[in-house]
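I have placed the structure first, in the form of structure tokens, so that the comments after it can refer back to it.
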Amino acid sequence: MTAGIASVRSSEETARLAADTMWAGDNASRALGMEILGVGPGTATLAMTVTEAMTNGHGTAHGGFIFALADSAFAFACNSHGDVTVASHCDITFIRPGKRGDRLIATAREVSRAGRSGIYDVRVSADGVTIAEFRGMSRTVGGSFIEAVASAPESRTP
Amino acid sequence: MTAGIASVRSSEETARLAADTMWAGDNASRALGMEILGVGPGTATLAMTVTEAMTNGHGTAHGGFIFALADSAFAFACNSHGDVTVASHCDITFIRPGKRGDRLIATAREVSRAGRSGIYDVRVSADGVTIAEFRGMSRTVGGSFIEAVASAPESRTP
Amino acid sequence: MTAGIASVRSSEETARLAADTMWAGDNASRALGMEILGVGPGTATLAMTVTEAMTNGHGTAHGGFIFALADSAFAFACNSHGDVTVASHCDITFIRPGKRGDRLIATAREVSRAGRSGIYDVRVSADGVTIAEFRGMSRTVGGSFIEAVASAPESRTP
Amino acid sequence: MTAGIASVRSSEETARLAADTMWAGDNASRALGMEILGVGPGTATLAMTVTEAMTNGHGTAHGGFIFALADSAFAFACNSHGDVTVASHCDITFIRPGKRGDRLIATAREVSRAGRSGIYDVRVSADGVTIAEFRGMSRTVGGSFIEAVASAPESRTP
């Protein structure tokens, strides 16, 4: 869709460049202690440890933080092609509770991309056991990722 | 379902008592600066201000924090009847970006409650403009809220 | 968005005209025995009786037909403003089974409309008892409804 | 969960037996011209051709029929383990329109199964091109499939 970063680089390089650019501005993901384990075309893997401040009285993780990790993985995956893409709709099924101290891993993969619309699935697990399954719908809003980062204050790219 | 707190109190009192008990243990909602504006039978209204640490480079809120606020409002609403109830599935549609400094208001209402299953809708708005629409499915897991808080480490009640 | 049918008619008239035009071409809704009980700006109410051919061995309705009724109500509601609008994403929660002979009523209402995107909720009930809750996301694809009916073979307007 | 059909048969045989039993009572899927192409533990593949009666004026399939096919594939997959399992929540994203005459193929796979809850994804395609992506949440309601078919009029197993 854009001539910019996509055309002169491999799809792997585009994914890394988009991730680097996003990460630099992403106060939220950094403040939550997220870590990017890998990105590729249509994929992203992030990690985050459940801290005391992310829990309720039972020592189990508030769903908002599990969602936030999945949502960030989704954002890195759906922006990996170099075009600015935002979340339009997400759903999450909570399967088992996350616990204080768990190192959560979110793995995002592209299920579908057609026109400006995409579907991405994210599995959140701890020690190899699934905690939650997330599905996100994305919409590409135009412009290359890098240009838009500087100029599109309206877009939501976590 | 439980004889405990529900039987000897009005439904309004039960909702307030459940909320107080939940809030006392809810590190996550407090750490995010949430504030309970009101609770009632099947309803809850919470507020949260979008801080710098909740944003990406554009000054727009990471979807995870918008979700977290809605999810907390959902939790207070679905636990307002005094029985321990957990989230099983949630979805959220992002309509407009939240911005740094926005005071977000999440208003949860009960759409349906049948057997152990419930549906709750939460609207998140800023200055009266809708930011996101959230729908949560809940499942009552048994026991009164207060007893379960002490004894059910598996349940996810944010 | 369109000057056509919307500008010279009341919003009620636009809703009725859009519904008439859609209904004329909607083999599917007619073949299922649906009936339009009412349409208005952002709203639609449809009825359908659960026949033998819509059931499984228990005499309970296949979820596909409950969904179809809700989806049609959604379609009439989201097209009621006169602009061609298609479903992009729908979800449904099954609360109680529908039974053979039930006259199902689906009531759609507009939850949000911003830019080209809309959210519509549909409750499906039988004898005043809720059977299912449906939420649909729509996208306006451009052109007035009437012109597009004739010229846009790609659009999905049930 | 049940000693019945599951314990004395291979998981493949259990899946086939459950499918045969369901199919015998499933007026709806048969009336829509569905065909079972395959079932296995946690999986099912069904086909259905889009007829004139399933379309609107554009010759495109009403979303309800696409959903119905996906929902049936989901039902066969989530009941394949031999325990009666019903749909609690489903969502579908429409990616491209189905057209009159298309032979739609729905392929269901198990994403997660924990306790009584399961998640199943179904892709609906025509000529190898994805038409829709469906995700279903299931709940096992107890009893073996075969016994429950005879005795549980409340359960929704399409």
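Which chain is which? They are A, B, C and D, in the order written, and residues in each are numbered from 1.
We adopt the following convention: contacts are C-beta pairs under 8 Å (C-beta built on N, C-alpha and C of every residue); 3 or more make two chains touch, one makes a residue touch a chain.
Bear in mind that the values here come from a model prediction, so they are computed numbers and not experimental data.
The interface with the greater count of contacting C-beta pairs, when B-D is set against A-D, is A-D.
By residue number, more than half of the contact pairs of A-B reappear in one of the listed pairs C-D, A-C or B-D, namely C-D.
Centre-to-centre spacing of chain A and chain D amounts to 31 Å, using the average Cα coordinate of each chain. In chain A, the residues touching two or more other chains are 88-89, 91, 93, 117, 137.
Chain contact summary for the complex, chain C toward chain B: residues 91, 93, 95-96, 111-112, 114, 117, 119, 121, 130, 133, 135, 137. Across the complex, chain D is touched by residues 88-89, 91, 117, 137 of chain B.
On the side of chain A, the complex with chain B involves touching residues 22, 24-29, 31-32, 52-65, 67-69, 71-72, 86-94, 97, 149, 152-158.
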